[in-house]
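Heads up, the next two complexes both have subunit A, just with different partners, subunit B and then subunit C.
Up next, the complex of A and B:
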């Protein structure tokens, strides 16, 4: 039972162990029903869940996402990191349900119409855009003919 | 409850329709006996059905001279002004509407009918993440407050060329991220059916504007259901075209492999005519398809409503996974009634099961977050948009983005950054793409043996405002019906099919029909027949129906 809970994401394993009712866990739709059955994040079972330390290792990673590092990579300064952390954790745990699916031999899919329509590119011929003045009007800091930015090089990263 | 049935006076505006000899829906004897029977509906005695096409009616009136484009524009603008304080569908209303209407009147006076495009005099709302050169385009975000694009999106350019008048930019969840329109950086839009409820999202403003008859049709964008779910919540028709049918040039990118521009209107015919006007290959969009665009307008002319079983032999697959627990019983009843209606029209409705259906939701959110983290990196406060004062470049980026983006956008960018970061790409993004292949193949199999597939457009009717604000997973769960269609790139049409108790006169429910790639004409034909023969329902919200100037 614990293994099954593991495959489908840490967040739901507590439900599986504690509930005597058979919840349809293989069906993500049943998962949503069970989520609403739990009454959402205000339910004590959920609060207990996110704080619990599990002995079993998750398939992907055990550490919570480093929100500070993510924010730096994404170039967004975050003052309310504490607020984002648990929400992101919750969603990433939910993403984890894809781990249990057998995806051997399946090609990652993008919509590709090259076979039916051929290459769909413009001719490689430069064309002048007629409204460059409108572009310049949109620049927040324009110092003709430069786009002004603050200093690029700095000592500490 | 169904007080939206119009008094005879109000039907005079619309052409009289000869409805086919369809019996009123039976309250029992369903061939799909494991679903709850639909509640008994009052039988409508009024002869008129829903209007076939407002666009064609407008065209006829303009050509016959019974109304001028200016009068029409003034009447829509006055209704807009009357209802806007309660609805807030528009972030920006154009100040050149009457000027454009005058130009159309001049054209008619000079050259007569031949000069008029197919959308002549038609008022169009444009979602604010679609660029318009003469109006601000904010994407619903403070980071682009007052941004004026130097170009029109291709869809906007085409609708203008065909005579359409852009009445304004409609409200949306920031950059298309959200399912309620509460995620807008500017204002909250209300649902015309119940002002305390959301219109859906992210094209909530477009749906509410059409529903409240502030405009005739509107443009929205659909990445995970953002045209179809608000169409269902607001009781209007919404179409998501096949990926590549409409050019994405000028649509602010959210998830490039999932985004499409879609149409909303009060009737299937209007949506079809509008789709025709904006579709087609575009050299500025390498993902736009060279497939020929069928003439959707002539499609409607050829449909014979007097035939007793016009859809005889059509195979319809009802997706089994969309009627499980978690779907409101009222929605299930409405869909069940729609199934009976389709059977009366001659369809053969059977159940289909789509394996991997439930995996679509996490796969979608992984893919959409990942692609959006890349697409939104262009908002750096340097070339356009809001810029904060900083003495160092990285701080400029970080602070401009932090002060401009809302919390949902920040969260999705962070989740996407995580899913794409080194070490996690294979676990999340690649697996999601593989799931995408599974979903696409399961749809293809189902559509090989069925003409169309049907499902509810959403598991519930419109939520109350604030209901989903602090619970991201619960909000994401509402997209279960729609995301798989985006993953597969298929077209889908949502047609209002019934009501559920709630609000002053009930809350609308939409039926989603999914078709094979580039076969919108099949969806439109079926949707049009379904809509024209639907008795007992009139999808005009009380906000409009109670207005004494509404004729």
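Up next, the complex of A and C:
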């Protein structure tokens, strides 16, 4: 798939979301989990009070981003992988400046609460969407009453 | 693939688990005495092979299962953890107002939100939080008063958005436990298993693979339906403990009314993780995940099979061939098979869901939900035990909340506890099974059952008549008093009345009287039958027989 212009920008940002700070964790059963969020060790950024422990450099991946793997997980075909590696690293480093902030006096928070006034919840009252036909019409491949999709056996393929 | 949090900490096994393991071995020896009392502790490969044959039978007797379990328990310890997904029975989906009903026409309960169309935004259903808090309180969990949603990203045709909204590092509840009683046929005993966490998430659609074609079919009705994922601590040690854990979860879910917990329908799904380690070893062995378990008995049999398989490999020195993988349980062949050996693990690229605010709970809210909880199965079982009921009765009555409520209502009207239990477990249960009705559908109501029991106890009607009335009450309803009057069923206990009837019957049956006198004392039953017939079943059997014996033996 050619990556040009707008498409280039979009796929680049997708790659970024997928690559920003992979931290491999090891837990008792030998399984690995990955956090894609700027944060060190086993706690996400918001829980750390002492950012002083981590310098921007220390948190940044020692190895260059594995662009091939990132593209695979994001399901993006790239014709030229080399150019993306350094660009992704640049953006990570740029965000890495946040590690220099002293959070000792700051209360951990999760989501920007000022934007919401209270929690946004919905009552459990059914409402049928009136234009389901329009949705069905918009499907690329419909085999009434099912959506037809290519055969994919395993979730990790 | 579900993310499992199994701690790296060397778990100090609680003492009771040790003693229960001993108990099992003791029981095992009890059952084994049929074979030979001196059983060698070490297992040979041939012994293991024989063991492996039996799990392939569909019905393994409990005794045999326990024998095998205890044989394995001698050298190895199995460590089992379960991840359960409970589909909530809310009226609408988790993040949109689409109504969901199982079995609806495919792709009709859809909208832009659950279809993942551009621009659509999720809004959380308040009832999902309520269900999560209810379940968390019922499982003695610690609630997170502030939790968040995360995106679990992967590509699959049944996942419209390309990510599942779930909770990753800050689930709504952590650190709980569940209490259960093992069924008597498996040795009984009380168990407590830990719950690591409970979190909210959404379900994916249903994917159907076509036979030979290069395509698959998707029904997205189920996409967006709310789920609660419950991850257990790896506390279970045998297949029966695991299946009872699942059964108790189903019981709790149904008691709370948060879901119908039906494995066959897919509203309760279990994935099991099994590993074995030599007894005394601190590190866990390599764990294997088992999927495609559709019933509690499959959970039981699949785990026992997998334990045998792994122990067998250990015994043959091939423990390294046990790899971390996902295996499928094949119900027909009664064995687990490799789904596919994975290279590396799934990378879900979790990050906080930016379209949803934090989930905030207040103490008042949690307290009000707590107050609305019904009496839970564990509490009910302990209360019934204290009332003097046998464990068998307790397990039956507390299994279904509607049956327990019926029982409670009956004894509240003053009925005798044991008699009420007997009626419910006996004739009433049989009727329900025959007519395929639940206890709410039958026409009999608790206070009439209490009335029936009281009437028999007071001697107003005989036990036999009571059974007849019961059938009528079950099928058509009505009142005990009404039926007694209508059909004139009051028991005849008056000595004089009975004597008159006995005299009449004796006079009408001289031949039988002769036979009785000459030695055929069994004919007393014949006379009793005749009197019963004459009295339309109303004669009090006790008084009747007393009078018969007198009169039959008296006259010369």
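By definition in this document, the second predicted complex is superposed on the first by the 80 of 157 C-alpha atoms of A that agree within 3 Å, B and C clash if a C-alpha of one lies under 4 Å from a C-alpha of the other, contacts with A are read in each partner's own complex, and residues count from 1 in each chain.
Criterion: a residue touches a chain if its C-beta (ideal position, glycine included) is under 8 Å from a C-beta of that chain, and two chains touch if they have at least 3 such contacts.
Here the structure is a predicted model, which is why all the values come from computation and not from measurement.
Q: Applying the document's definition of touch, where does A:73 land relative to subunit B and subunit C: first, second, both, or neither?
A: So A:73 meets both subunit B and subunit C here.
Q: Just subunit B (first), just subunit C (second), both, or neither: which does A:122 touch?
A: both
Q: Just checking: does A:147 make contact with subunit B only, subunit C only, both, or neither of them? Give me first, second, both or neither.
A: In the superposed model, A:147 contacts both subunit B and subunit C.
Q: Quick check for you: in the superposed arrangement, does A:135 touch first (subunit B), second (subunit C), both or neither?
A: In the superposition, A:135 touches subunit B and subunit C alike.
Q: Have a look and say if subunit B or subunit C is in touch with more residues of subunit A.
A: Of subunit B and subunit C, B contacts more residues of subunit A.
Q: Once the two structures are fitted together, what part of subunit A is touched by subunit B and by subunit C alike?
A: 27-33, 35-36, 73, 75, 110-111, 113, 120-122, 129, 132, 135, 141, 147, 149-152, 154
Q: So in the complex, which bits of subunit B are touching subunit A?
A: Touching subunit A: residues 133, 147-151, 243-244, 257, 283-284, 286-291, 321, 324-326, 356-359, 361-363, 365-366, 373, 377, 380-387, 390-399, 401-402, 405, 410-411, 413-415, 417-419, 421, 424, 427-428, 430-438, 440, 470-474, 476-477, 480, 489 of subunit B.
Q: Which of the residues in subunit C come into contact with subunit A in the complex?
A: So the residues of subunit C in touch with subunit A come to 1, 3-9, 90-92, 97-99, 105-108, 110-112, 115, 117, 123-127, 129, 146, 148, 153-157, 169-170, 207-210, 213-220, 284, 286-287, 324, 340, 342, 345-352, 354, 356-360.
Q: Touching subunit B in the complex: which residues of subunit A?
A: Interface residues on subunit A, with respect to subunit B: 27-33, 35-36, 40-41, 59-61, 65, 67, 70-79, 84, 87-88, 90-92, 94-95, 97-99, 101, 103, 106-111, 113, 117, 120-122, 129, 131-132, 134-135, 137-141, 147, 149-152, 154.
Q: For a test of understanding, state which residues of subunit A touch subunit C in their complex under the given definition.
A: Subunit A reaches subunit C through residues 17-18, 22, 26-37, 44, 73, 75, 110-111, 113, 116, 119-129, 132, 135-136, 141, 143, 145-156.
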